[in-house]
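Going by the order they are written in, the chains are A, B, C and D; count residues from 1 in each one.
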Amino acid sequence: MRADVLDALVRHGAVLDVSGFDPRADVPLAAWAALHAELAYLGLEFSDITALDRIESVELVCWLLLSPGEQLSVRTSCPDERLVAPTLSFVYPPAEYGEREVYDLFGVVFEGHPDLSRILQPGDATIFPLRRSFELTETPW
Amino acid sequence: MSAALWVHTVVGLVALLALLAGVTLVGVWWERKFIGHLQRRRGPLHHGWHGLLQLPADMIKMVGKEDTVPAAADRLLFQFGPVAAIVPAYAALVALTFAPGVALVDMSHGLLYVFAFETMLPLAFALIGWSCANKFTLLGGLRAAAQLISYEIPMLLAALGVVLAAQSMGLTTIINAQTGVWYIVKQPLGFAIFSIAMLAEMNRSPFDLPEAESELVAGYMTEYSGMKFGFVQLAEYSVLLVGSYLIAALFLGGWNMPFLPASWLWLALKIVLLMTATMWIRGTFPRLRVDTLTQLSWKWLLPAALLNIMLVAALALALGPKLY
Amino acid sequence: MAVYGSGLAKGLGITMRRLFRGPVTELYPYEHKHPAPTSRTFLVMSANEEGGPACRACNTCIVGCPDHVLRLEKHPDDNRRPLEFVVNSGRCTFCGLCVESCPYDALHFSQDYERATYDRASLIYNLVHEGALTGEGDEVR
Amino acid sequence: MVNFERTDAPGGTETLLLNVGPQHPSTHGVLHFMLEMAGERVVNAKPVIGYLHRGIEKLAEDRTWQQVMVLTDRQDYVAQFSNEWAYCRAVERLAGIEVPERAEWLRTLMCELNRITSHLIWYAGVTMDIGTLGTPFIYAWETRERIFDFFEAVTGARIMPNWMRIGGVRTDIDAGLLAPMRAFLADDFPKECDVFEALLTGNEIVVSRMKGVGVYTAEECIHLGITGPFLRASGPARDLRRDAPYGAYDKLDFEVCTDDVGDSLARCRVRLRELRESARMCVQLIDRMPEGEIAVKVPRALKPPAGDCYVRTESPRGELGVFVASDGSAKPYRYRVRSPIFYNLSAMPRLLPGHLLADMLVIFGGIDTSMGEIDR
């Protein structure tokens, strides 16, 4: 990995793990926006933002591109009691829609987001279907 | 007015209406069939011989349809719109001469009369577009008005070249002046301008912006259903008929054919071929953009039409009216 | 640089040439397209040597089906024989996972694709019903 | 329901709110665009999506790893094989499954044929958008049907193949099929491409509508997260088939089609060249297809080790990413699709304002939407 990216990750308190398929960096929620601002400045491109429901918390996963062929995941964890995270939409414009989707399906509220509304579900939906607590029902024959 | 004139008028009007209806029915069938085969499909197939009865069936369906009026529409104008479209389109047919001496009214200024009524159509389309209280129809109606008005000018100027050469506005005189050489040979530029402008007047692709399906759903016709839609379609086909007729009469010699006796059949053949050509173009080309469309008219066709008139006038002065 | 308008003329030429090549469409209700032998349409059950269903009621297909299309009832006398093998074709996506998973090669796809009906109930077939195996038509359950 | 704020139009005239879609002839499915128009000019654009949301990501959590295969076809029903392959690659990477070489080549072959059919759909759509009466549309579909016949013969279905399996592919390609396939791709298809080019990029009316319309620089596109042919038309030779090769792509000789103009016409040219390039790749694949197994044995109750992984593939529309997470059970813990058009579409509010309604449809046609993938 590039030295400047590594340096930025370490400075923002990221726990780096390169043993998996792709390098991953777990950062504290407080450093989320600042780290991404710096990574974007270093020229990393945004690929995708999504989330994983870890029951007690929701893990935000942001995939960045070190080069067109190399990817890096930057992750943080939002506690279930307070699902609030700073928005990345000013750092990476495509994250605006990605975060809307995470909000729509997981209920994570992104602070400072320009238009945090439902995107895939109707505007009056009240559910967050990708949470593990949301049970699927079976349609009868 | 004498009884004979009354009979002549009534029979003539009914005959024209039958002609218009027949041309619309067969024209729509032929268009669907022709474009279908252009696209390697078969087109209508099941009703009658190769689907020839499809259109009467469609007409019956149209009459049976619910006549919807949008809640926000201006009811009076909405109801009046198709009438405003069909009346001038029908009235323009009155002056057409179909064979030597065969016309409802053989006017000495027939061309002027036809153009006068043809140019009333954009008003009807703008009216329809506005009365529906729908954004798509509004944009379509405004586009129709802008397009038709900007293409009328080069069209009239190109027709003026023929009038200059024939020294008459009567359709019979103009056609008879082409017994020898057709005006397409003498005024190719005028023919090109007139054809392009006429294509735009007919709202035919590549100038079908008022109906631009991919942008405006169905343009000014979006809200019409049932017989009202049928009337607007009838008006469109009447413009197609009149337009093809005018191109044939002004530039392609009307009922004249070199080395063969004059007959209304030649005129009919030319009209059918011209209509088929518009369908061929429609089946091949995309449409222009709205600003390119008006630019084409004002920046290219209008100067070219003026140049054409000057050329014709100069040639007529130099060679004498009888020779040119 | 080509002359302006030559592209238009070429386009007109192309469409006119196609006009004379004749239509390529099939007149569907009159002409029938023969599906490829691999085509996946409606499920049929093959017969064993005695003429009974080849199914051994092992439940593998039921487990493998992603859309809960199949229902199997074992024969009260014989645990290895189906009493009822019901397919709800209205739910079936013709994915072929059941055919693939069958260890006894009992399930197959037929080549019959014209089974449109007016109600959902008539899309439910019993594959081991009398006559179903001989191809005399699947009786509506 | 939808947050949409009107801005003041330049010149202070009242603007018009135009709802293009969800049922409109040229939104390619059920996309809904809210447009604020000043006359015919777009001031503000907002896509409203979700009309086709089927919850595929949630449904996947209730199925076994193999059963998710069925859903992947239905994400992007125009580029089915790309979606299947992306999922297969993700799971195979997570579970550490080696795929036999022939299977990889077969996958590459079908995926490239699929790229052709997908681009043909784009061609059909874009020619309808600019207002032809459907003649180029039908020509494209005619060619597409011939490729679908191959799909049917190989996979058993025309649209929803469900052909790839974790660890390989389901059916082998019949040896007798390769010759007609090669003949079609090497001889007939380039001629069809000539026709497509003549009716689109060779037509002066199309050129007048597309040239210089919607010019976006490479930096702009990358910043806005645009991938695929839309990005390549602006210059950068970004293609995951070249940048991070998978399947048999590293053994093929192909060119990454780019254009340096970045307008709508360039996007058409790039896609039309990709059609020829894909056909050329397919011919190479057919000629050099290795023999061998088509699948490795994978347990029916596949349980990949706990963890997650993300793979990115080049779908016809751009960078298609699949993120799968496993908790060691027989069902995926999380299945996530990074849809290329979802992010391409998210750039539209920034790209469309200032253009005419007619141009907006042309630019929008350049991203080649497929609602199934946006809404999932």
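Please note the rule applied: a contact is a pair of C-beta atoms (placed from the backbone, for glycine too) under 8 Å apart; a residue touches a chain by one contact, two chains touch by 3 or more.
Predicted model only: the values in this text are computed from it and were never measured.
Novice: Select, from all pairs of chains, the pair with the highest number of C-beta pairs in contact.
Specialist: Greatest number of C-beta pairs in contact occurs for A-D.
Novice: Average the CA atoms of each chain to get its centre, and name the chain whose centre is farthest from that of subunit A.
Specialist: B
Novice: Any idea how many Å lie between the Cα centroids of subunit B and subunit C?
Specialist: 52
Novice: CA centre of subunit A versus CA centre of subunit D: separation in Å?
Specialist: 24
Novice: Using mean CA coordinates as chain centres, what's the gap between subunit A and subunit C in Å?
Specialist: So the centre of subunit A lies 42 Å away from the centre of subunit C.
Novice: Averaging over Cα atoms per chain, report the distance between subunit A and subunit B in Å.
Specialist: 61
Novice: Going through subunit B residue by residue, note those that touch at least 2 other chains and give them in order.
Specialist: Expected reply: 38-41, 283-285.
Novice: Check each residue of subunit D and list the ones that touch at least two other chains.
Specialist: 135, 139, 142, 199, 203, 205
Novice: Going by the contact rule at the top, pick out the subunit B residues touching subunit D in the complex.
Specialist: 35, 38-41, 135-136, 139, 205-206, 208, 212-215, 217, 282-292
Novice: With touch defined as at the start, can you tell me which subunit B residues reach subunit C in the complex?
Specialist: Answer in residue numbers: 34, 36-42, 45, 280-281, 283-285.
Novice: Which subunit A residues qualify as touching subunit D in the complex?
Specialist: Going through subunit A, the ones touching subunit D are 20-22, 45-48, 50, 52-53, 61, 63, 67-71, 73, 92-98, 101, 105, 115, 117-124, 129-130, 134, 136.
Novice: Quick one: which bits of subunit C touch subunit D in the complex? Just the residue numbers, please.
Specialist: Residues 4-5, 7-8, 10-11, 14-15, 18, 24, 35-36, 38-40, 64, 66-67, 93-97, 100-101, 109 of subunit C touch subunit D in their complex.
Novice: In the complex formed with subunit A, which residues of subunit D make contact?
Specialist: 1-3, 49-50, 53, 55, 57-59, 62, 93-94, 222-225, 238, 240, 243-244, 307-310, 312, 319, 321, 323, 325, 333-334, 336, 338, 342-343, 345-347, 350, 375-376
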